[in-house]
Each structure stands twice: as C-alpha cells, then as structure tokens.
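Structures given as structure tokens follow.
Consider the two complexes below, in which chain A is the common component and chain B and chain C are the respective partners.
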Partner chain A sequence: MFELLAQTSLNAIYAASYISLVAVGLVLIFGVMGVVNFAHGELFMVGSYVVVALYADRMVPFFVAVAAGLIFVGLLGLLMERALFRPLRDNPLGGLVASIGFLMVLQALAVLGFGVRMEHIPPVTQDVITFADKISIPVARVYVIVTAIVMLSALWYFLKRTRFGWALRASAQDPEAAALQGISVTQTAMIAMFIGAGFAGMAGALTAPLISINPHMGHSVIITAFIVIIVGGVGSLEGAVLASVVYAFVHTFVTTFFDGVLADITGLALMLIVLIVKPTGLFGSADRA
Partner chain B sequence: MRNLFLWVALAIAVIILPNLVSFSQQEVLVFMTINILVVASYRLLTLTGEWSLGHVVIMGVGAYASALVTKELGLWVPLGILVGGLASALIALALSVPLFRMKGFYFLIGSFAAGEIIRLLWKRFRDPFGGAKGIKGIDPMPDFSIGIYQFDFFEPVSYFYFSAVVVAFCLWILWRIEKSPVGLTFHAVHWQDKLAQASGVNLRRYRTMAFVIASGFAGIAGALLAHYIGTINPNSFDVEVMVFVLTWAIVGGTGTFYGPILGCVVLTILNEIVLRELGLEQTRPLIYGLILILSILFMPNGLESIVQRVTRRKDAK
Partner chain C sequence: MFSNILKNGLSRRTFLKSTAATALAAGLPSIALAAGEPIKIGFLAPLTGATAAWGAPGLSGCEIWAEKVNAAGGIKIGDNSHMVEFVSYDNEYDPAKARTGATKLIREDDVKFVMMLGGDTWPGVQPVADRTGMLFSTLLPSDLSPDTTTLLAPTEVHPIYLVTGVQWLAENKPELKTAVMCAQDDALGLPSVATYLAAFEAAGIEMQDEPLLFDPATTDFAPIVTRLLSTNPDIVCLDTCYSDYVHPICEQLFQQGYKGQIISATADFYDQMIAKTSKEFMEGFIFQFPDFDDPALNGDNINFEDANGFYEEYNKRFPGQWGAVSWEYAAIMQLWKAAAEKAGSVEPDAVLAAMKDGGKGKHAFGDADWWGTEMFGIDNALVGDWPVVVIEDGKAVIKSFKSIPAWYEQHGDLLIKHMSAYDQMWNQRG
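What follows is the complex of A and B.
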C-alpha cells in the first residue's frame, strides 16, 4: 500500500509540474491583460508539434527542440497580443472570443500540417530511477519536473526582483496607475504574453514524448488549466502553482483508485464548488474578482 | 398587409426550396432549421447579458432524454421531443442554482464546467447513455399523412417540413416572450440591473427564467436532431459545436431577434456552397476561426452589450 501511495504521489508531482507551467502562463496573461486566453491549450499543442517537427522528424537534439518550442510559441503569443488582444484591449470578452477563433485556426493548421493521426515520438531516454525496489519514475518525467521548477523559480525571480517584473506586477494591479508612472502598458503586455505563451509551449514540448499528440489535445489541457486557475484564484500566480499541486494529486489519485473519467468529473466538480463557495479561489485575495 | 404578404412569400419559399436542391443539401437544410432554433434560443439567454458555454450540452440533454424515452419506454416520438425539451428545462433549472451565483466571466466558465460534467457522465455511464459510443438506432418520426401531403420520414424533405413547422412555432413563442413584459424585463436585467433591482425586479429569478426557457427550446432542437440522424454520442455536443453556435450568434449580432438566425443561415450557405463546392470542407474550422476573429475585430456590434457591461464594471471599481 505504501508503495502504491508513494508511486501515485510521484506521478502527481510530475502532473503538477507541467500543469503549473500552463496555468501560470494563463494567470500571467489574465493578470496583465485582463483576457482569458482560450487558446492556451492549443499553444501547448503547438509546443508539442514543434518537438514532433524538430526532434522526431529532423533529429534535432531534444532540449534544443524544447527551447525552440518555448521561443516559437512565445512569438505566437506576441502575434496574438498584436493582432487580437491589443485592438480589443477595452473589450475583454471580445479578446476571449477572438482567442476561441485563434484556437480553431491553430487546430486546423495542425490538422493540415500533420494530419489528425496521433504522433509517435521516440523516447528521449529509457532510463528509470527506482527507489525501494517498487517505486519508479522515468527520467523523462524527471526532466519535466526539474525544468518546471527551474522555470517557475526564474519567473518568480524575474517578477519579484527585476525592474521589468515590478512593472509587470504594477500593470497587473492597476494599469492606469502603472501607465501614470511611465510604464508602457503595451510593453508589459508583450512581455506577459511572450512568457505566458512560451511557458505553455514549453510544457507541451517537454511532455511531448510522454503523451499522445494530436491536433485536438489542447481541449483537455485548457479544461485542466481553467480548473486550476479558478481553484487557485484567477489573478494569483502562487495560487495557480498551489492549485496545480492540489489538482494533480486529486486527479492522479482518483485515476489510480477509480478511473480517468471519474477523475475528470471530480476535477470539474471541485472547480464548480470553488466557484460557488469562494469565487475568488482558495488562495486568491478578496479584491480580485 | 405588407407583412402578411412577406410571411406568405416566406412560407412558399420554404415549401419550394427543398425541391430545388440536391439530396445532401436537403439534409443540410434540416440541420440548418434545427440550428436556427439553437441560436435563437441562445439569444434569449444573452438578452439577460449572460453568455453560456453549456448551451449545446443542454441541447444534448434534450436529445438524450427524447432518445431514451422513445427507445426504452416506447413513448410516441412527438411526445418524446416534448419530453426532451422539458428535460433540458429541468436540468437548466437545477443548474441555475449553482450557476447564477456567478456572473459574467465566472458564469461562462461555470457553465462550461457544468456542461463538461454532463458530457462526461454520458461517457462514464454506459447504462443508459451508451458510453462514448452513445445511443444508436433512435426511433425515427412515425410517418403520417395530412391529406394533401404524405410525410415519409426517410426523405429529408419531409423532415425538413416537419422541423420547419416545429421551429417556426418555437420561434413565434420566443418572439412573443421577448416582446412581452417578461422579455422587456430581461433587457432591463441586462442594461439596467441596478435600476431594475431597485424597482423590485428579482434579477436572479429573471436570469433563471431566461436560462430555463432558452434551455427548453434548445432541448427541443436536440430532440429534433436525435430523431433525424438516429444516433447521438457525447461528441455530438462538444465544445466545437458550441463554438459554431457562438460564431453564428456573434457574426449575426445578438442585438436583434433575427441577427443570430441570419448568422446561422449565412454561414451555413457559405459552408455548403463555398466550402463544399470548392472542396475546402477540411478547412471549415480554419475559416470559422478566421470569421470569428474578423467579426469580433471589425464588426463587434453583436458584442456591444458586453463592452458596456465590462466598462461599467471597470467604472464601479
């Protein structure tokens, strides 16, 4: 029993690491631009396809492909900011609808470029770390966990310790006051969008060898991300990370002990309950609504 | 008098139209008729200012309910369709308890979550919902004759006439509701919620009423669909379909009763004539996505309401 619990916990930590990368990006975009990016799951999908195109098809080293995924999807984020969110700055729900349109475009392009079949990616490494004989974790998953921790720490440092980070947080708190201090709203929006989209792309790229890849995979990703940001409180980065861990543990344990569909239902029910009982999220501050 | 003439002309056009087009286009006409009811009912909900992402799943509730009562209990199909509408309305009533504690963006996400839960329940419980494969062999409408016309429901034309009559009747009710004092109150709930509340309007009750009525008609649309295609599964009512409904409504503009209907008709024609004839069926999501983006960027009239609401909320902060 102990082995099973420990094994499931390890699986949950892996899930939490990539979910938090996606959710933190979504929260960052929402915080700075006030837009809910429905296409976030598709940005994850594009990240995975960058790895398909570079690593699986063209033999580029895996981590170079992951970095390319981060940059490519980050640039895609800049495109979204410039083409969609900037013109619709005064219309947050318009931005949401535009991102739904963008989501469909990305999906369709993935279908046109790669077909609807599932992609198979050769494993990066077959190594498995084993503890106490029965508990094991593939090294490929360790890569995801370590990268997520490094990137999230880097983001934390960037936001709390650099001038750009200050500017970003100021714009998130009060765009008008920030603009009066000489902070460029456009510039901070671009930085937030690049980081937010890039993180989603990197999460997709990192997990690409471990999951089944198809053009419609973004759907479950965005649902997960929504659950996480609602549970964590829509504007809170720390909340998003904590909620990722909570959600990953709940989901992984229900999947292990019951079944996957029930786990999805549990996750959605968790979100509905939080929406009803405490719409600001478990870790969100009260004034963020 | 001129109005009467217009209506008669429209009725004649509806009667003649299916005889001028090919078999597959007749099928498209049936789907379009049903979709018109879906968008028109969706608009009733948007009157109160709330945008749901669960409308298509609610429509699916009607489809499943009608399919089950006719298949398992042997209920007469027209009654089954009514039961479908009723089931959707009841589910909506139950959902309104948690969902209308939320507004705006939170309602949007909440309705999305509630819809996904229902869809997953269909997937999870093979008995009675048939799991991921759904329900097959749903009873078709029984054939009948009205003297001058013999309804043979293996023919899309017959089903088109039948659904056109049902949908027209539903649209008439929706229109009457919108023009009634209740409908005017829906507008007030949206545009002047504080004033309406101060005048003794129970905002939540009216939001719930709009949601339940809209869902009931969506359920009827779902049931019409189920008895036409004969097989339904959880994926028939997924987010992609919801995005199509959203696109029709936004492209058409929700400011008027006919706006969403116009959006549905125009985009269906575009889809059928332009895309299928050019062999671009595959790129439908791409085209729809681009249309959605372009219309929100350059013709946001349909979304005027939301802009107003959000700016008002900003001022209140």
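What follows is the complex of A and C.
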C-alpha cells in the first residue's frame, strides 16, 4: 500500500506541475486584463505542436524546442492582446467571445498543419528514477516538475521584486489607479499576455513527449484550468498554485483508487462546493470575483 | 397520373399519392446499372479523430483493391463489366454525422453498398438503413440485432475473436494466472471487456480487479497504469483501446517497470511502440491483427487474394501506415464482389442472398459460417478462424489460427453471461 500511495503521489506532483503552469497563466491574464481567455487550452496545444515541429520533425534539441514553444506562444499571446483584447478592453464579454473564436482558428490551423491524428513523438529520455524497487518516476516527468518549480519561482520573484512586476500587480488591483500613477495599461497587458500565454505554451511543450497530441487536446486542459482558478480564487496566483496541487492530488488519487470518470466528477464537485461555501475561491478577493 | 392532372386538375388525393411515390423513390437505392456505369461503394467511417486508425487505413486498402480489380476488367454483373470506385465520408465516429453521411452516399452518390466501422455510429445510421434497404457492413458484430437485417459483419468479428488470443495464451503460457484490464468507456470498449472476461474465466485466469474503464478524453495514463500494476498481475489486458491509448499505456507500463505479459486487441504502429519502449519490453506482446507479409497467409485456407502482394503494395504507397484495418474493408469488398457477380445484380437483397447462400462464406482467414443467432439475434456475422499474433524480435508473427465457433461451443455460456452483465447483448442495447 505504501508503494501505491507513493507512486500515486509522484503522479499527482507531475500533474500539479503542468496544471499550475497553465492555471497561473490564465489567472495572470484575467487578473491584469479582466478577460477570460477561452483559447488558453489551445495555447497549451500550440506549445505541444511547436515541439512536434521542432523536436520530433527537425531533431532540434528538446529544451531548445521548449524554449521556442514558450517564446512562440508568448508572441501569439501578444498578437491576441493587440488584435482581440485591446480593441475590446471595455467589453470583457466581447473579449471572451473573441477568444472562443480564436480557439477555433487555432484548432483549424493545427488540423491544417498537422492533421487530426494524434502525434506520438520520440521520448526525450527513457531514464527512470526508481525508489525502493517499486516506486518510479520517468526523468521526463522530473523535467516538467523542476521546470514548473523554477518558472513559478521566477514569476514570483518578478512580481514581487521588479518594477514591471509591481506594475502588473498594481494594474491587477486597480487599473484606474495604476493608470493615474503613470503605469501603462497597454504595456502591462502585453507583459501579462506574453507571460500568461508563454506559460501555457511551455506547459504544452514540456508535456508533449508524455501525452497524445491532437488539435482538440486543449479542451480538457481549459476545463481543468477553470476548475482550478475558481477553486483557488479568480485573480489569485497563490490560489491557482495551491488549487492546482489540491486538484491534481484529488483527481489522481480518485483515478487510481476508483476511476477516471469519478475523478472528473469529483473535481467538478469540488468546484461547486467552493462556489457555494466561498464564491470568491480559497484565496480570491470579492472585487475581482 | 399526369394526364389525369392535366384533365381534372390536381386533386388532394393525387397530390398525396404523387408526393409519396416521389419520396419513396428518392429514398430507395437505385437498382439498375447502365452498361459501363461505375459501381460506387460507400466508405462511411472515421477518417479523422481518435478512431481514424480504424477507418482511414481501410480506405487506403480499398484503393489498392479497386485498382487491381479495375485493371482486371472490373466487376462483372450479367453481361457487363463495371469499374468500381469508392466514395468516402468522414463520420468522425459521430452518429449524427454518420447519419448525414449515409443519407448523402445513398441519395446523392448513388452507392450500391456502404461499408462502416460501426460501433457508436451504427445507431445513427440504422434508421437510414431501415428506410432505404441499403446493404451495410460493419467491423463490429456487436452492432447486429434481429432488426439489422441489411447489416453484415463479414470480416472482423469484434469482439468475439478476442477469445482466441486468450486461449492461445493459456495454452502456451499456463504459468500466467492473474490478469487486470483497462478500456475506454464506449461502444468499442464495453463488449470487448465482456468478451475478455469470459475468455479469462474459460482459461482459468483470475481477474485481480474490476476492469478499469477510463474516460476517452484521458491524456495522462500514469494513474491508470499505477492502479493496474498495484496487484502485481501476470497479464495486463488493454482490451480494445484505441491505438492512441495503447501507445501511452504501454509507455507507462514500461516506465513503471512492468515486465509481464501484455495482451490487446490491436497493436497498430507497434514499431513506434518498440521505439518508445524497447524490443525486449514488447517481446511476446499478443494481439489479433497480422502484418500481411506473414508466410502463414499464403496457406490454402486463406481466402484473401495475394495477401503478401497486397501488403507490399500497401507499404510502398502508404509507408508506415499499415494497421489493423488496412486489409479488412478490402476483404469485405472481395466478398461483396463475388456475391454481386454470382447474383448478377448489385441490388442489396440479391447480393445479400448470394453472400449468405448455403450458410457459409469465404472469410479472409478461412471458410466460415454465417453465425450469430444466439449472440446477436441474427446470423449475419461470418465467423470462423482468427489469427493469434505475437511480437517476436520486433516483428508481428502469426502463431496460430484458432476457431471461434469451437471456443463458443465450449464456453458460449460464459460469453453470454458477461455480455449480459455489461448490457451488451443485442436485446439489451438501446
């Protein structure tokens, strides 16, 4: 039983890692820009396909492909900010609808470029770290965990210790006051979009060798991300990370000890309970909610 | 009728009669073939999406088959020869799209026969079949019921052929005594689960856990594999998981240190699985679909024409794309062609009668019987022998042909028991 619990915990830590990258990105975008980006799951998908195109098809080193995924999807985020969200800045519902349209565009482009068959890309490494003979974690999953910790720590430092980070947080707290202080709303929106989208793309790129890649894979990712940010608190980065861990552990343990369908139901039930008991989420604030 | 209208005007009764006649004629498949007119065959299967591996490669195989047949003069119906061509419609494994596709193929494309994967898509198509009387084929005999009088399962007999793999496993590896199983929770997975449970029980292999049914949207299989391995099973059964699940599950089995036996319905693109795991890990993997360059397919019992040549041509034109169904739809066409030529007609009833004449048919893997009344309520499945395939030294090899009817004669009660428990008998399905 101990081995089963330990193995399941390792599986959950891996899941929490990539979920937190996606969720933090989504929270950052909503927190600063006040818009719900429904195309966030597709940004994850694009990150995976960058790895397909570079690492699988052109033998580019994996971590170079991951970095390219982060940058490319970050730039895609800038495009979204400029073309979709900026013109609709005073119309959050319009921004939401526009993001839905953009997700369909991204899916269609993925189908056109890569077809609809699931892509299976070569493993980054077949090395496995084994504990006590029965508990194992593939090194490829360790890469995801470590990268997530490093990137989230870097984001924390950026937000807490740099002027750009303070500007982002100020814009998230009170955009009007921030603007009165001379903080460029457009600039902070662009930074938030680049980082938020880039994190989603990086999560997709890192997990690409570990999942089946297809143009519609973003659907389950965005559902999970929404559950996490609602549970964690809309607009709270700390809440997103904590909720990612909670959700990943709940989902993984229920899948392992019961089944995956029940795990999905449990995740949704968790979200409903939080909405009833504390509608702002575990760490959310009333105004942003 | 027209002269009456001209003389007496259009009465309500005349209007209703003429409208009904027009609608009926529009719904029925047209029967007559003009000399030289090509015979169009409908290919209604998933060409995209998670189940595309069980549709698209089959269409490629049909193209090769059609070129060969046309080069030899086509299909002879009466005194005339007709070229054959395929009209495909991607139903994306969606019943509503399948219904739309069936209607289009019959009404607009004037096909004479429609081949399908079946499964979740058949319920969408059945009303069209009932209305038009068109002859359909499915790869999944679990679609059959007493109501499906124009639906045949002449090649693949999923899931009942799965018993042959377990039977061979029990005979050749009697030391393996425990098993676990996982499957996606859908119309492909559930009847297969029931069949494997019956086969394991017949072989005296103990199931260590309830079959683990997972959401078809699953992408991370680590928790599922952790659960499967928690009881240290001798055998992990992958049921009829889509090939896009078999690959990541096998990877996880490899990464979590599994060293036991794996059995599955399919192992499409097993060379990719070997690349992601190892030749040693995949050694002994049991499944049910041979590569057609296997010398065992040159035997006198085999009714698939020039299996090795077909495989060679397929791999030349579609490298790396050979899968479980690459030959199946072409095999169905062989049967259809023979029946249409025998009947001297492409009319569905005539072809159906010719195909089932005498209760026997020439299945790709040997002479077989039209079978299934007890299991499906109708004897529209062509059932005989089925190969057991094992990966040895990185290559799929046919180890044996096993008789499905012989297994059923001994253990059919178990199969009915488990099918009933999962609501998969013909009289339980909605």
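Everything that follows uses one rule, which is that the second predicted complex is superposed on the first by the 285 of 289 C-alpha atoms of A that agree within 3 Å, B and C clash if a C-alpha of one lies under 4 Å from a C-alpha of the other, contacts with A are read in each partner's own complex, and residues count from 1 in each chain.
Assume a residue touches a chain if its C-beta (ideal position, glycine included) is under 8 Å from a C-beta of that chain, and two chains touch if they have at least 3 such contacts.
All figures in this text were calculated on a predicted structure; none of them were measured in a lab.
Q: A:L112 in the overlay: touching chain B, chain C, both, or neither? Say first, second, both or neither.
A: First partner only.
Q: Does the superposition put A:A197 against chain B (first), chain C (second), both, or neither?
A: It touches nothing on chain B or chain C.
Q: In the overlay, answer first, second, both or neither for which of chain B and chain C A:A189 touches.
A: A:A189 sits against neither chain B nor chain C.
Q: According to the stated criteria, A:T8 is in contact with first (chain B), second (chain C), both, or neither; which is it?
A: So A:T8 only meets chain C here.
Q: Which holds for A:I211: it touches chain B only (first), chain C only (second), both, or neither?
A: second
Q: Quick one: is A:I145 in contact with chain B, with chain C, with both, or with neither? Answer first, second, both or neither.
A: neither
Q: Thinking of the overlay built on chain A, is A:T130 touched by chain B (first), by chain C (second), by both, or by neither?
A: second
Q: Name the contact category of A:V261: first (chain B only), second (chain C only), both, or neither.
A: The answer is both, since A:V261 touches chain B and chain C.
Q: Figure out whether A:H219 sits in contact with chain B (first) or chain C (second), or with both, or with neither.
A: Touch status of A:H219: both partners.
Q: Using the superposition described at the top, list the residues of chain A that contact chain B and also contact chain C.
A: 111, 219, 259, 261, 264
Q: Within their complex, state which residues of chain A touch chain C.
A: So the residues of chain A in touch with chain C come to 4, 7-8, 11, 14-15, 111, 115-118, 120, 122-123, 126, 128, 130, 134, 136, 138, 141, 210-212, 214, 217, 219-220, 252-253, 255-257, 259-261, 264.
Q: Within their complex, state which residues of chain B touch chain A.
A: 51, 98, 101-102, 104-106, 108-110, 112-114, 116-117, 120-121, 123-124, 239-240, 243, 246-247, 250, 282-286, 288-293, 296-297, 300, 303, 306-307, 310-311
Q: In the complex, go through chain C and note every residue touching chain A.
A: 48-50, 52-53, 185, 212-215, 217-220, 222-224, 226-227, 230, 244-245, 247-248, 251, 254-257, 269, 272, 275-278
Q: Show me the residue ranges of chain A that touch chain B in the complex, using the header's touch definition.
A: Spelled out, the residues of chain A in touch with chain B are 36, 84, 87-88, 90-94, 96-98, 100-105, 107-109, 111-112, 219, 223, 226-227, 230, 259, 261-262, 264-265, 268-269, 271-272, 275-276, 279.
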